[in-house]
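The first chain written gets the first letter, and so on, giving A, B, C, D and E; residue counts start at 1 in each chain.
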Amino acid sequence: MSPVQTMPPRSYHIGKDDLGADILEVAMGPHHPSTHGVFRMDLKLDGETVVDLKPVFGYLHRNHEKIAEDITYPMSMPFTDRLDYLCGMTNNWAYALSAEKLIEIKVPERAEYIRVIVAELTRLVNHCLLIGFFVNDLGALGTPLLYALREREKILDLFEVLSGARMMVNYIRFGGVRCDPPDGWLKECQRIVDAFPAFLDEYETLLTENEIIIARAQNVGVVTREEAINFSLTGPMLRASGVNYDIRKVDRYGIYDRFDFKVPIGGHGDCYDRFMVRMLEMRQSVKILKQAIRDLPEGEIMGKAPKIFRPAPGEAYGRIEAPKGELGFYLISDGTPIPYRFKVRPPSFVNLTALRHMCLGHKVADAVIILGSIDIVLGEVDR
Amino acid sequence: MAAIDHKGVIRQFPELEWEASSGSLILSPEKVDEVVSWLKEDPAYRLDYLSCVSGVDYLEKEVKTRVRNEAGKMVFKTSLSPEKMEVVYHFYSMEKKTGPFILKQRVLSRENPVVTSLTPHYGGAELMEREVYDLFGIRFTGHPDLRRILMWEGFQHYPMRKDYVPPNDYEYEPTPHGDVLERARERREELEGQSP
Amino acid sequence: MIVAFYLLALIAVLGAGLAITLRNVVHAVFSVLLFFSALAGLFLLLLAEFIAAVQVLVYIGSVGILMLFAIMLTTNVVGDPNRPVQSRGWVWGGLAVVALLAGVLLPIISRTGGQSPTPLSDFNPSVKQLGLVLMDPYFASLGVIALLLTAGLIGAVVAATGASEADQAKTVPENRPRFPNN
Amino acid sequence: MSLIGKGILKGMGVTAKNFFQSYYRKERLPTVEYPEEKATINQFSRNFPFLLYDGDDPVDGMRCTACTLCERACPPQCIYIIKDKDENGKAILSPRIFDIDTSVCMSCQLCVEVCPYEAIRMDSAFELSNENRFEGLLLNREELLKPNAYYHEIHPLEARETDDRMAAKAALAEAKKKARQKRARLAAKNKPPPGLKKTPPTRKKPPQREKSE
Amino acid sequence: MNNYFDLKLVELGRWIEAFFAHYPTLKLVVHLLLCTLPLALSFMGAFAFTTWLERKGLARIQNRPGPNRVGLFGLLQPIADGIKMLLKEDIVPERSDKLFHFLAPIMLMIPAMIGVGFLPLGDGLHALPLDSAIIFFFAISSLNTIAVFMAGWSSRNKYSLLGGMRAVAQMISYEIPLVLSAVAVIMMAGSLNAQEVVASQQISSWVGSGNILQEFFGRILGWNVFKPWGFAGFIFFFIAALAEANRSPFDLPEADSEIIAGHLTEYSGFKYAILFMGEYISAFAIAGIGVTLFLGGWNGPVFAGLPWFVLKLFSLFAVMIWIRGTLPRLRVDQLMGYAWKFLFPLAILNIFLAGFYHFLERQWGTAIAMLAGWLFGFGALQLAAIALSRLNQSPTIRSKRVYQLVE
């Protein structure tokens, strides 16, 4: 059996740059305060400037796809919460959407509206958390992060009342949602959504015009339009580079075409634009939430799903606009209740391809921020 | 999201095989570069965004197909579908906002499956193809640096293949299920056997 | 007072001696700094506070750190121990020091007659005195020194910037011609 | 004052506001200091499953009939059921062993959805620390069994719904049995049937799926 | 009531020394002890209190209660930390340079403690009443650059090397604006002696006069901060002091998000505590000099003397904590750019402004000088600042970003 190879601490001086000073190889390793989980960057530094960068991950690899090939379709729904553990609801919805492509199930109106409400709440949680971590990497000792966590607590309490758990929600089923929101829930949700813009204004006065953030984040990690499309970037990273591609508008999945909301587009494609695009997206999500809560219809919440989910042989690729980008599920079924192939297309894994391109030529401090602006969650990257 | 009609491609490359069941275009490794660059530039398609690269592994399997035999009665005919490995590419067009276009590269041999890489055309495919290589063992010619991405370098097998037997190194944990216990017992004898 | 003087003199000699003999360059620099601080102590004993302050500020604060920066750019700092110091130079060095000592210092010491230091009662160590003296008789020399220093500074800046454009473009690999310009 | 810059001063203003308001506004100081004051656990939160029993005697009041549906539906396969047999080998509808390995269970609540007999529910107690990593976390039947009153206490709303559903089902079964008896009495009164025995409608057997290797 | 507190302390000192009247050497030793020991102990106590103040202040800014478990309101928390530090194992990396790894904390404590000695705490309370106290303070405070380098270099760890180099580069480039902004004050005060600088910061005509109101304001309005060149000088001094003490926007050396703890990475146990204390006490020393030069030292309306000095010192420290809770960190090259291309020229301009103010004051009296100073002088500084920032920043940064909201 191959013994688990322990990585020897490799810190040796290799190569020389022209000043005769050595090129330093630094492994910004799995235990690094600002790599958002177990993610390692092998940096080659000339002084402070990054000369080469190799992302190394796989420390949190549980082979989610192999597990899914042993259990039935509904049984792997709780596992999707563990993919991007910050937004459980959108993972569930993506999986439910692609499974509903295998077997056509009519999802009732009320369930569609609840799905939109829960997905947009997750988007708020994800974006304000990300901005907190991004500014924390910049060095502000946790103050913005703790404001974001304070707001996140309120929304997580909503999820706990609705689905029973704060993060591992396991709430959306094929053809609808698991249970109806209790009576006080909608009033509470309305109160939190109405209070959110006040928090956003406070967040913006604290962060957007801050000269130090402007100096540190602008012109750092620039990705042009063509590079963004070529690197298959999706989500806020793509829109920060000026490409108008939001799957809610393109695919019109669920009932997103009934809500009027805008898509913020950045101009320069640098870290500051990604930060600002996420700020503006939060405002749009609040707009959607207001409309969705206002005209949430009555009615039952679960479509006529078959007792045993046994799709006809075939394949389906369902995708949604998760807060981090395009989250897709590619399912191949061979007629049995167990999926033949279960492939997850995680947004942060693909967005990492552009990391090396963005970091070359910048300083070590910039490499940290660029990683922070990509918004990776290792549960999703390593699957 | 308007779906893409594949007839234009068939007209352009008549020798390609279009698999109707999964609605995907089957490519042989040498024709890949030409077709992909055409798909990227052609005004009708403009497939500039490669969304997802996934590997699929098919073992040898009898397929029972209902066919009407000469006596006009439906009867099951079992045919042997060969073992094959596929790399499935999902394309979208960001410019024209059109639907998924599926492209497959099929390889029959399981010992040394080789496929041409799309990284020269699409930068985004680099990590995804490395993952397919890491989990399925499909080599990609033309890939800038083909290394394992999720498993550690010393790992020998390809975990996502259907015939992969997971290593028996469960640490001993007395959970109620029979098979885990029994595997752990095997493991313990094996360890005692080795240790002096 | 006397004890303090001999103590500081001993530290100074020790620091200077160590600076020469130590193999590790960084240790040598630190012993030089020790020497400078002992010198500053001696100035304090002479009640020349301003000179002691300037000695600490200029020599330890910047010249010492300048030496450390220079070391940072050299490659092997620790010096490889297997190359023993076998140059025969220290014998002649010692002789030269003794000759210098006898030839120059002894006559000076003998002329001062070696009596105890004069009582410093009437001397008030205020900086104002120093300032005034600097201004009227020695103003010209102050101006010349100032000019010299600025010339040196500008020369250093030109030498430094001259090199930095070239090497910045080189270390960044070709596939990223644009270098963020903020 | 472009020396320091307006953005920084405004940011400092926000932090100062937070500093002073945290003294008098509850919303600015949401910390719950855990051991002294406990946050109220809302009635919908779920942690680990537990078995329900009616009446006072846990074993025979148990609702679970060991149909092993939940064992099959559990994604991480952490439920372990062995059917009970009385002395002459006839199977009784209750589990002799019903273990849940809480170190493996991921509290996903699929077992509650699948159970046809409302026998398993999710508990919301979270102080379950234990000194033994293996046996301590392997809850056996006795530790899992909790009275219906406890269920009403932790999830009042859900408990009431379950009881109404159980009552309705019982009433339905009652009505069906009475109807069957009446029909049987009628049939017996009109003419004794030559020997045709109407087979009672058996419950559709849940599809037996082989344990996947 | 003025200086009542200081005079009492000085009397106490003389009364103790009187006991040793007929042992001259012992008397000298006791005098030295009386000068240094209470100072050292009080500042270590101040250090313990500020760690508590910092953690409570930062916590409250971040909407959390901060340490409140150990003792009333968590006041015993610093003592608990101290004991913990004592008990922690002191790990010395195997390949490190043992001698200098051991020397670095001491080298950092020496300048911090001596620097504190130069502060004029009260009327008679001046530990080292040197004539050129201010210049000696800046000389000594340049020593902790060497200590930081020694710590960074001797732990032979890549991150601490990076941290050490960053610290040295930062401290050198911020020493110059620090000294230059102090030069303006020394030029106006006319002497390097700390006591005279403090004495010069009160409107003597008002203080002498009878009525209470003038007496009260005389001791405040005289502070250098209310003069145009004083206010600008104070801002430059405060920014440079933040950088010199490695405090918030400039805490590059131990930037935990990039290089884990900079030059402190390889230290643990009591050596880490001493390094930590050294940093805090040098921050105190620089803040103290700032108070002496700009905020009128121990000068204050009712009970002038030590209480005023302590009040000002801790208020300045509170502003440092407040900044630490808000601002993110600058990058290394921006840090350097800010020092050399922004603070340095402005500090020189400030000296000219002071000269201009001095000339005006002698010609047309303080009122007009004050008016002209604030209008023209400060305006000139403002213009220079805008010009310099426009010169340094790249065009894209200045343009306000506009984001279209697309359908």
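Convention: a residue touches a chain if its C-beta (ideal position, glycine included) is under 8 Å from a C-beta of that chain, and two chains touch if they have at least 3 such contacts.
None of these values were measured; they are calculated from a predicted model.
**Q** Taking a step as a move to a touching chain, how many steps at least join chain C to chain D?
**A** Between chain C and chain D, the shortest chain-hopping route counts 2.
**Q** Average the CA atoms of each chain to get its centre, and name the chain whose centre is farthest from that of chain A.
**A** Result for max centroid distance from chain A is chain C.
**Q** For the interfaces D-E and A-D, which has the higher count of C-beta pairs in contact?
**A** Of the two interfaces, D-E and A-D, more C-beta pairs touch across A-D.
**Q** What chain is most central when centres are computed from CA atoms?
**A** Checking distances from each chain centre to the full centroid gives A.
**Q** Quick one: which chain's Cα centre is the longest way from chain D's?
**A** C
**Q** What's the distance between the Cα centroids of chain C and chain E, rounded to whole Å?
**A** Each chain's C-alpha centroid was found; their separation is 27 Å.
**Q** Measuring centre to centre with CA averages, how many angstrom lie between chain A and chain E?
**A** Computed value for the inter-centroid distance: 44 Å.
**Q** When the C-alpha atoms of chain A and chain C are each averaged to a single point, how far apart are the two points in Å?
**A** 58
**Q** When the centre of a chain is set as the mean of its C-alpha atoms, what distance in Å lies between chain B and chain D?
**A** Inter-chain centre distance comes to 40 Å.
**Q** Could you tell me which residues belong to chain C and also touch two or more other chains?
**A** If we look for residues of chain C contacting two or more partner chains, we find 181-182.
**Q** What are the residue numbers in chain A that touch two or more other chains?
**A** Residue numbers touching two or more other chains: 143, 147, 150, 206, 210, 212, 214-215, 218-219, 357.
**Q** Quick one: which bits of chain A touch chain D in the complex? Just the residue numbers, please.
**A** 70-71, 74-79, 143, 147, 150, 153, 157, 160-165, 168, 170, 178, 182, 202, 205-212, 214, 308, 337-338
**Q** For a test of understanding, state which residues of chain E touch chain C in their complex under the given definition.
**A** By the definition above, chain E touches chain C via 97, 99-100, 130-132, 135-136, 138-140, 142-143, 145-146, 149-150, 153, 165, 168, 172, 175, 191-193, 334, 393-394, 396-397.
**Q** Could you please specify the touching residues of chain C with respect to chain E in the complex?
**A** 26-27, 30, 33, 49-50, 52-57, 60-62, 64-65, 68-69, 72, 125-128, 181-182
**Q** Can you list the chain E residues touching chain D in their complex?
**A** Listed in rising order, the residues are 57, 60-65, 232, 235, 239, 322-323, 325-327, 346, 381-382, 385-386, 389.
**Q** Write out the stretch or stretches of chain D touching chain A in their complex.
**A** 5-8, 10-11, 13-15, 18, 30, 42, 44-46, 73-75, 106-110, 113, 122, 157, 207, 209, 212
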